[in-house]
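Consider the two complexes below, in which chain A is the common component and chain B and chain C are the respective partners.
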Partner chain A sequence: MRSKVVLRRLFRNKQARYGISALVLLILLAYVGPFIGPYDWTDKDFLAFMSAPGSDHWWGTGAIGQDMYAVTLRGMQKSIVIGLLVALIATGLAAIVGSFAGYFGGWVDKVLMWGVDLLLVLPSFLIIAIISPRLKGGSWLWFVVLLAAFSWMITSRVVRSMTLSLREREYVLAAAYMGIPRWKIIFRHIVPNLSSLLIIDATLNVSLAIIGEAALSFFGFGVQPPDVSLGTLIAEGSRNATGYPWLFVFPAGLLVLLVLSINLIGDGLRDALDPGSNS
Partner chain B sequence: MSILEVRDLTVTFPGGIEAVRGVSYDVDRGEVLGIVGESGSGKSVTSLAVMGLLPPGAVVSGSAKLHGRELLGMDEDEQIKVRGKSISMIFQDPLSAFTPVYSIGDQIAEAVRVHQKMGKDKAAKRAVELLDLVGIPNPDLRAKSFPHEFSGGMRQRAMIAMAIANDPDLLICDEPTTALDVTIQAQVLEVLMTAQRETGAGIVMITHDLGVIAGMADRVLVMYAGRPVEQGPVDDIYYRPRMPYTMGLLASIPRVDGEEGPLVPIEGSPPSPAALPPGCPFAPRCPMKVDMCDDEEPPLTAFGAGRHVACIRSHEIEHKGLTGADVFPVPVIPPSDVVRVPRAERATVLELDDMIRHYPLMKGAVFKRRVGTVFAVDGISFDIAEGETLALVGESGCGKTTTLQQIMQLQPPQGGRVVVLGKDSAKLDKSERKGLRGDLQIVFQDPMAALDPRMPVGDIIAEPLRAHGRKDASARVAELLELVGLAPEHAERYPNQFSGGQRQRIGIARALALEPKLLVLDEPVSALDVSIQAGVINLLEELKNRLGLSYLFVAHDLAVVRHLADRVAVMYLGRIAEIGTVENVYDHPAHPYTQALLSAIPLPDPERERTRKRILLEGDLPSPADPPSGCRFRTRCPKFAVLSEAERRRCVDEEPSVARLANVVDHGAACHYAEEVEVITASDNQEEE
Partner chain C sequence: MGKYLLRRLAINVILVAVAASLAYMLAATTMSPRAAYQGRQPPIAESVIDATLDAYNLNDKTPVLQRYGTWAKGVLTGDFGRTWNGGSVNQEMGRRIFVSLRLLLIGTILGFVVGVALGAVSAVKQYKLSDRLIGVSSFVIMALPVFLLATLLAMATYSLNDGLGFTLIEYTGEYNPKLSGFDQFLNRLNHLILPTISLSLGSIAFYSRIQRNMMLDVLGQDFVRTAMAKGLRRRTALTKHALRTALIPSATYFAFAFGTMFTGAIFTEKIFAWHGMGAWLVDSINANDVNSVAAVTLFTAICVLFAAFLSDLLVAALDPRVRVS
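For the complex of A and B:
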């Protein structure tokens, strides 16, 4: 019943409706758009270097004649997947580790929090730098895993401390007295009551992952040329954004739209899950 | 001349919430004005407006004159001068009124020095005097304590001391005893009356408890939906209420001296201040409503000497001499079949045998070490027969909740035995324990905290069903909702869309989902308003009879217990002090503690309250980590104080165990010198003919 009620509330929510439509359009653009354009992202037009948007190259071309329309959409495919996956994994991990540590307490808590603290003190950038070269040639999904693995710890600490207070609530006791297993209590009563925090965390993680990926790519990890992502495109385009704005404007604009739509969905989901809001 | 004159006071909060809609009253010197009403009726906002303590954004109109001087719209500096000097306020939660980092004595001295020119030493001495006046033992020592080191009752006394520090002309008390136990409440009310005698101040006493003001108020103002609906001398209001709401309120309260039978509930709940009905605000709940009631809000009109009533049918009520029981429909509760079998022949659903639950007392933040033991439950025994309600009563901290938790956990206790439906909790395996959970369910005190706010009500009620593998959940949910008097269509709503009483019904529906045999009720009605409480009590009674349930009922309200329970066990510091049938224990209490407890309960009966003699207990509950030797009650026992030296020895050396009293079947007390005394005499005419 809950999922039904939440879904209905979600679709009644204006923000969520706009957000979902925008995200669907963006995904369509990223995956269907390339078939409509005249060029492939690997094509190079040696007759047009750095040409402004026009009827042939809709979004202009880059330094070696790449068609920016095709390249940007290719980059967006990567970024959408990276952003969503990293956010999902990082927030999910934070929720699970934090709530299990907080609810079970005792040695489970000690072990999990010891792990969290260890990851927190390790310089994550360094580790990614060390590990990345070894994963070269491997799937870039490894990169997603790495990025996610280093961005959940602080949230999990917050989740844990909130769980400590939630676990004393009478409805949690009531569930225990009904004979419901503890892991079920966590997923049914603890995590949903942390949803506001988790949703905010996840939406933040999406943008952080897309932008963080660009930073890492800049240093040579993550998405490597010739492959592209929104992050790498923005990094490159920003260098001569004044002279050749189309190199920058299109990827940056898409990133903004992407983050905006995710935020709208996040807000809508939060309201849909929160019985206190009457939307 | 009156000290305070309030005229047409209104308070509106942003969003069009009309919290107070025209309140007028006077308070004379030495007079006590009682303001009663359910939560949200605007009692607190009224007095906060007078004190100038409303949050910014609230719009106030009307007038409030102190000695003829307008208080509303006074500038901040002057307000501060008046506040604390001429008017003081006493809040429900005294902890919030003290700063945690200064000692109580310093804060009282500070309050003195703000308004009077006085040296530091003299102010400190005055603080000690004041603490002495309000009955704090060792006041010179205690003045150096910090607020958190005081118990609730002591903090409330300290708050009174601070409030009267500058000889105010008016004391406004907002639910000053609501958070306290009855024995402490009796002490604090006594102190308040002493303080009034000392200062000659007028008192505005705000409460939802009609018992508290019966004995002390001179006049009473009844509020409903932000307006006074009836006002007059205390005897008139209590014995001759002329407004249906007041009548219902008085008829809905269970009484320690009352007889059995269903209570009179007021259906529905108070209107939201943002969506008031067009005419009389009570109309949606009023059984006497006629079409004219919806036309316009009846004004508060003079009605005989010094009385005001806001009801268009008040004269008719007067003529016909109607009472609450005549006007409000009294539900018929079918009798139980089970109880026809004598108790001895019925099955035992719960048995505790010398059960013990101790907690380690830890100290230190980083390296915790054990410094002692909290004897939370220290050997209690009782049993519950099928179809019976046993009530566990006692002050907070006496071990009631611990007892319940130990029973609900179905784990081996630290000592003694817990036998649920013939199965010893120490000998259960996992599947047996889960099976037993279906027969043993709990209803919690706070209906908001007990329901997951993020779950639709249908899921909440279905949860135990699904946990026990029942497939037909949704049909059963609808059935259960109907059983507790809610609409099945409400299954998709969230808990916050229900009122307190409705939420408690949801909690009860969830507990009944698996058709349990024994229901554990942890203060199920104490968080509810009186008018709502009656409906829930009736529901519990009806369900018990219809479904053949047994209840273990924990409460601190002895009036509710008298109404609902068959047997009662009085707990003190982790032990049972007295146990027996409700009639025996209430009419002939034999343990000095029970006697004090019963005599501390205020009756909603001004005449009897004024003449009643109270047995006041000294001090607070001792710490359960360090119970007194021998009889645990001896440090506060009024009987111990009058015993001879030789007799006292026995109380100090030997711990009394529950001994059956002679001549009665079901009545025992844990006192060496148990002696039956009548504390509350049964009243035969509750309302004047």
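For the complex of A and C:
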């Protein structure tokens, strides 16, 4: 089985091992950690504003007495979910658009690639920044859709060019001569053959999406209160980071660790899935 | 070649026009510059607000298409309209482009040169201590988003200055307007230190990884061995033959970065309080400044397409295998 070989190669890679263990620990912290902490993320401690980390509030408290341990973990959950969802949607979209454009060719190809060019030219930061805060009452899922909508274009071009060469393979031609509908050929024969590219892309997209979310939230254009994410926490913490470093250090550190571990896994996956590649 | 260029130019012009129009429509329908006038004390009469907004082509009571027509007509004659408080968008843009340029020029070049050098060294000394050190640090730096890095640098400098009791390194603004002559020049350089570090570190990490991979590819190839076999010193063979060929991918990225330099750096500019194009984007969104948003989009689209064109040209010039058909 190929997947077994790939997994074995992945675990033999030292970088990837570090990445996987760090990511598992971080996810455990995000989802199990809140049950261990003494406070809920919505609790306010009116006796402790901006207090330093201690035995009661492990990571200190914020301006209105929130327990930073609970709030930060809650924010990390949101960041992880956003990262995963955006990566899934973006890579899926890239696979579909790229393979349809490459397989159908002609005007379908032209129209789709024109759309890709247009989205690449539009400054994504601007569009998301204008729309996202105005989705009043809309949930953060809209933000996920927006972020995903602007992060699939380059991969779709790669997928398209790979589809162009796959289109002429014997098994694809055979399927076409047997009269199988073209959309079925794409999903059964083309996309599975691009899986290594797509898996690597999806992994790296997770870390890109987490950074993107944090960057937009840093200016208040991303996740809107009362929701919290690592980005909103870093934005709040950085405002008075010199006086109250615990507000900044924990979310920022977790963000870096999260991105670093995902990047390590992505790099290891690339080596495992595509041993010949050198990039 | 000429036909190819013309076709490409035509497509790009259409792309820019569509992108800018979409941005204008989006901004004009969702943003309300009226809000900036309504909440004032003492209150301004409705008719006065209308008249002011009409004069700036920002009145939301005028149909969007009509406003778009006025705007588009202006843009075609090179007039980007008025900001929300009546300033000229053209003037603002002219000023800010050069602020961004002054900020990014050094950082972009420094990032490329240092990154390529580190990547090449890393490849030549593969698996040695220096290679591992460069590899690990570039990995860590790439996991550090630029807004985090910039904030950390600003914080560290603040504490350093605080500890020293005087301002050793400036961390906000572009220069001190009170100084003049050579002092002002030094002051400008001082203000450049932190933003340049925060801009170039990321690109150093990025270029060093690309350059290392490319260099490793090239090092194993025949022409490098031949160069050494014909009696060139190792150093000459590496720099003249290997590095030059391995430079192509980094150079194309550099061409792209160079072309998009005028569009500014959103995070670095905001955090270190430089009033360039990147900061303008954030400020104009916050100020509901429709015409500025559209102008920034138009300008960015032109820069991106020009930069892509520049990097394509460079590939064609450097790589004998690529020929434009």
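Everything that follows uses one rule, which is that the second predicted complex is superposed on the first by the 182 of 279 C-alpha atoms of A that agree within 3 Å, B and C clash if a C-alpha of one lies under 4 Å from a C-alpha of the other, contacts with A are read in each partner's own complex, and residues count from 1 in each chain.
Just so we're on the same page, a residue touches a chain if its C-beta (ideal position, glycine included) is under 8 Å from a C-beta of that chain, and two chains touch if they have at least 3 such contacts.
Quick caveat, the model's predicted, so the values are computed rather than measured.
When the two complexes are overlaid on their common chain A, residue A:Phe125 makes contact with chain C while staying clear of chain B. Of the two partners chain B and chain C, it is C that touches the larger number of chain A residues. Legend: residue contacts after superposition of the two complexes on their common chain; A:Ile64 is shown touching neither chain B nor chain C. Judged by the touch definition given at the top, the superposed model places A:Arg134 against chain C, while chain B stays out of reach. Within the superposed three-chain model, A:Val256 lies in touch with chain C and out of touch with chain B [touch as defined at top].
After overlaying the two complexes on the shared chain, residue contacts for A:Ile234 are found with chain C alone; chain B is out of touch. Shared contact residues of chain A, touching chain B in one structure and chain C in the other, are absent.
Within the complex formed with chain B, the residues of chain A that make contact are 1-2, 5, 169-171, 173-175, 177-180, 188-189, 192-193, 195, 273-276.
On chain C, the positions that touch chain A within their shared complex are 11, 15-16, 18-19, 22-23, 26-27, 30-31, 139-140, 142-145, 147-148, 151-152, 155, 158-159, 210, 213, 216-217, 266-267, 270, 281-282, 285, 293, 296-297, 300-301, 304-305.
Listed in rising order, the residues of chain A touching chain C in the complex are 117-118, 120-123, 125-127, 129-131, 134, 207, 211, 214-215, 218-219, 221, 234, 238, 241-242, 248, 252, 255-256, 259-260, 263-264, 278-279. Residue ranges on chain B touching chain A, taken from their complex, read 408-409, 433-434, 437-438, 440-442, 444-446, 449-456, 458-459, 462-464, 467-468, 474, 491-492, 494-497, 510.
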